[in-house]
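I have a structure I would like to understand better, so I am pasting it below and will then ask my questions one at a time.
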Amino acid sequence: MAIGSGLADLDLDLDVFAGPFDLLLTIVLREELDLLEVELGEVVSAYVESLSERGEIDLEATTEFLLLIASLLELKSRLMLPQADPELEGMEPEEAVEELIARMLEYRKFKEASAELVSMLDAATPFLYRSAPLPPELRRVAVEAATQAYDPNILSSAIGDLLTPPEEIEMPRIPVAISLRRRVSALRAALAARASLDFDESFGAEAREVQAVTLLALLQLHGQGEATWNQESICGPITIIRSGEGAGVPA
Amino acid sequence: MSLPDPQPAESPDRPSDLSADLEALLFLAPSPVSVAELAEACEADEAEVETALAELEGRLGDSRRGVVLRRVAGGVALASAPESEDAARRLLARPRTPPLTKAQAETLAIVAYLQPVSRPEIARIRGVSSESAVASLGERGLIEESGKSRFGAVLYRTSELFERLFGLESLDQLPDPAQFDPDPSDERALRERLLSIGEQRVGS
Amino acid sequence: MSLPDPQPAESPDRPSDLSADLEALLFLAPSPVSVAELAEACEADEAEVETALAELEGRLGDSRRGVVLRRVAGGVALASAPESEDAARRLLARPRTPPLTKAQAETLAIVAYLQPVSRPEIARIRGVSSESAVASLGERGLIEESGKSRFGAVLYRTSELFERLFGLESLDQLPDPAQFDPDPSDERALRERLLSIGEQRVGS
């Protein structure tokens, strides 16, 4: 996967780095810059800003960006988490770089396979299959031979699902820019009131993108020594803990 | 498969393209088709269709074949040859009962509780087009067509096979949706509630 | 229409009774039928069925006909000839389904090759949440749920309809995934490219 043109143009002005995104990626890969030092949240906001300036969304480039930033985030969180996956514990930065490359290659493999599948579908689409009920005499036979095969409760539970109103929180259809700065403020405010808080309890009601940017804000606060977090298991609850000075009233 | 030798179109052995198209259309059609409908679909005139149908009929009737052409009220249809009925019974007497997917179970439940119901209505309740689920339930004989709505949409109801496969003596024995609905005795209330929640699902 | 002259059974042009029965069964069956099921229904052995199927296939493929024999989804099925597609879609008012989006195609490729596979795994490979692609592939009947992983995530696999619509006799017929493996030179090129972009920038 080559770096898409949209990404090559993305200029960043971070505390530890100023320059284009692909250069950032390169020097991180070459370990000239510690990933821990990079505020990935700022990278995301810069990208979101450049998107709104251009006023149009190149899906290809956006997907690529998400893929790269997700890989970087994962690498970074592995570097930051005190108790990483035992398999990954002690993963050298070189290995992490290899992981990133392996990830990009794996994705590219399925992307190529998908193009092949699409052409197979095109080739097979002109063949149409018959869909008709059996003639009455055969239908009769089939009915007479039939014995119970299904539990009727699957019907009432399906109706039950349909009678359950959808969750209120849904992905907005139109991408909206979420300000990282505002999420940082929200997080600071929450931490000013309490020394520790449960992420889901405090932010679980927000839209998914807002939650994601809040996590980026948390990374930023961690980088500045204002907060840390605790997560016992993958996908388990996240407890955010105020740390250091600079964050409101001491506990 | 090798390509056939090119033959002049007028060769009596070579099916005309129009009779081949008619064979395809009658093969696919679930019910008899009129000559006018065939002519429109093939962009041919009715006299040409009649000639090509005669050709197809001759070709199919020529020797013992698996399908025969039938002229019935309302048009023309293909049917399986009566000689093959015993074999067909042996193959098709056992209904296929693979587990229902979530989409199929939801679609079947809507048809069962609200019948007769149209496909657009099913789609509104589920919040997604339900074409593939309706088609596979129809193929398996669990639902069947039951006339048309006043807007011309095909209506569906459950079949007798459905009752057998779910061990129901009648539709009254469907499990009570009372646990989910305040007024289960009223089918109209159930329908309205399903539709309004379906709209929320799409709107969100 | 006049009755055909009786012909001796051994005539090479005369379809065998078995191939006629098979044609009838495939005409009636709502989904592809395996050779074993056909043999049982026709009270013949599988080798005889294979011979008669080859005869039927040859007869249908012999010249432009409306119906062709396809080996798909683990069985045999009849389908209308591709040349008749336009006329058929006009008659049945069945437009072509919209093409797969890029997200759907990638998700489908991952499910096809890694099945059974969970949504988090798909998202991990694609680098983006794939919820809506998974949902629409399910609606189109191309993938279906297949139990749960040990972490409780729903697992997905491709459906029989997927094999039918993609013209696959079985999943073994998917293109060899090795052909999509990056060769070492690609991998080197990717690494070098990433590094060289940096050097150019540093050097400039």
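Letters A, B and C name the chains as they come in the text, with residue numbers starting at 1 for each one.
Everything below uses one rule, namely that a contact is a pair of C-beta atoms (placed from the backbone, for glycine too) under 8 Å apart; a residue touches a chain by one contact, two chains touch by 3 or more.
On a predicted model such as this, the values are computed, not experimentally measured, just so you know.
Here the chain at the heart of the shown protein, by mean C-alpha position, is C. Comparing the CA-atom centres of all chains against that of chain C, the greatest distance is found for A. The geometric centre of chain B is 21 Å away from that of chain C, both derived from CA atoms. Taking the mean of the C-alpha atoms as each chain's centre, chain A and chain B sit 42 Å apart.
Chain A and chain C, compared by their mean Cα positions, are separated by 32 Å. Taken residue by residue, chain B touches two or more other chains at 24, 27-29, 80, 88, 92, 102, 139, whereas all remaining positions touch fewer. Looking at chain A, one finds that residues 128, 130-132, 134-135, 138 touch two or more other chains.
Against chain C, in their complex, chain A makes its touches with residues 1-3, 8, 19-20, 22-23, 25-27, 29-30, 59, 63, 66-68, 70-71, 101, 103-118, 120-121, 123-132, 134-135, 138.
By the touch criterion given at the top, residues 1, 4, 7, 13-15, 17, 19-31, 33, 37-38, 40-43, 57-58, 61-67, 78, 80-81, 83-84, 87-88, 90-92, 135-136, 138-141, 144-145, 159, 161 of chain C touch chain B in their complex. Contact residues on chain B toward chain A in their complex (touch as defined above): 24, 27-31, 79-80, 85, 88-89, 92-95, 97, 100, 102, 105-106, 108-110, 112-113, 125-126, 135, 138-139, 141, 144, 159-161, 164-168, 173-177, 179-181, 190, 193-194, 197-198, 200-201, 204. Taken in their complex, chain A has these residues touching chain B: 128, 130-135, 137-139, 141-143, 145-156, 158-168, 170.
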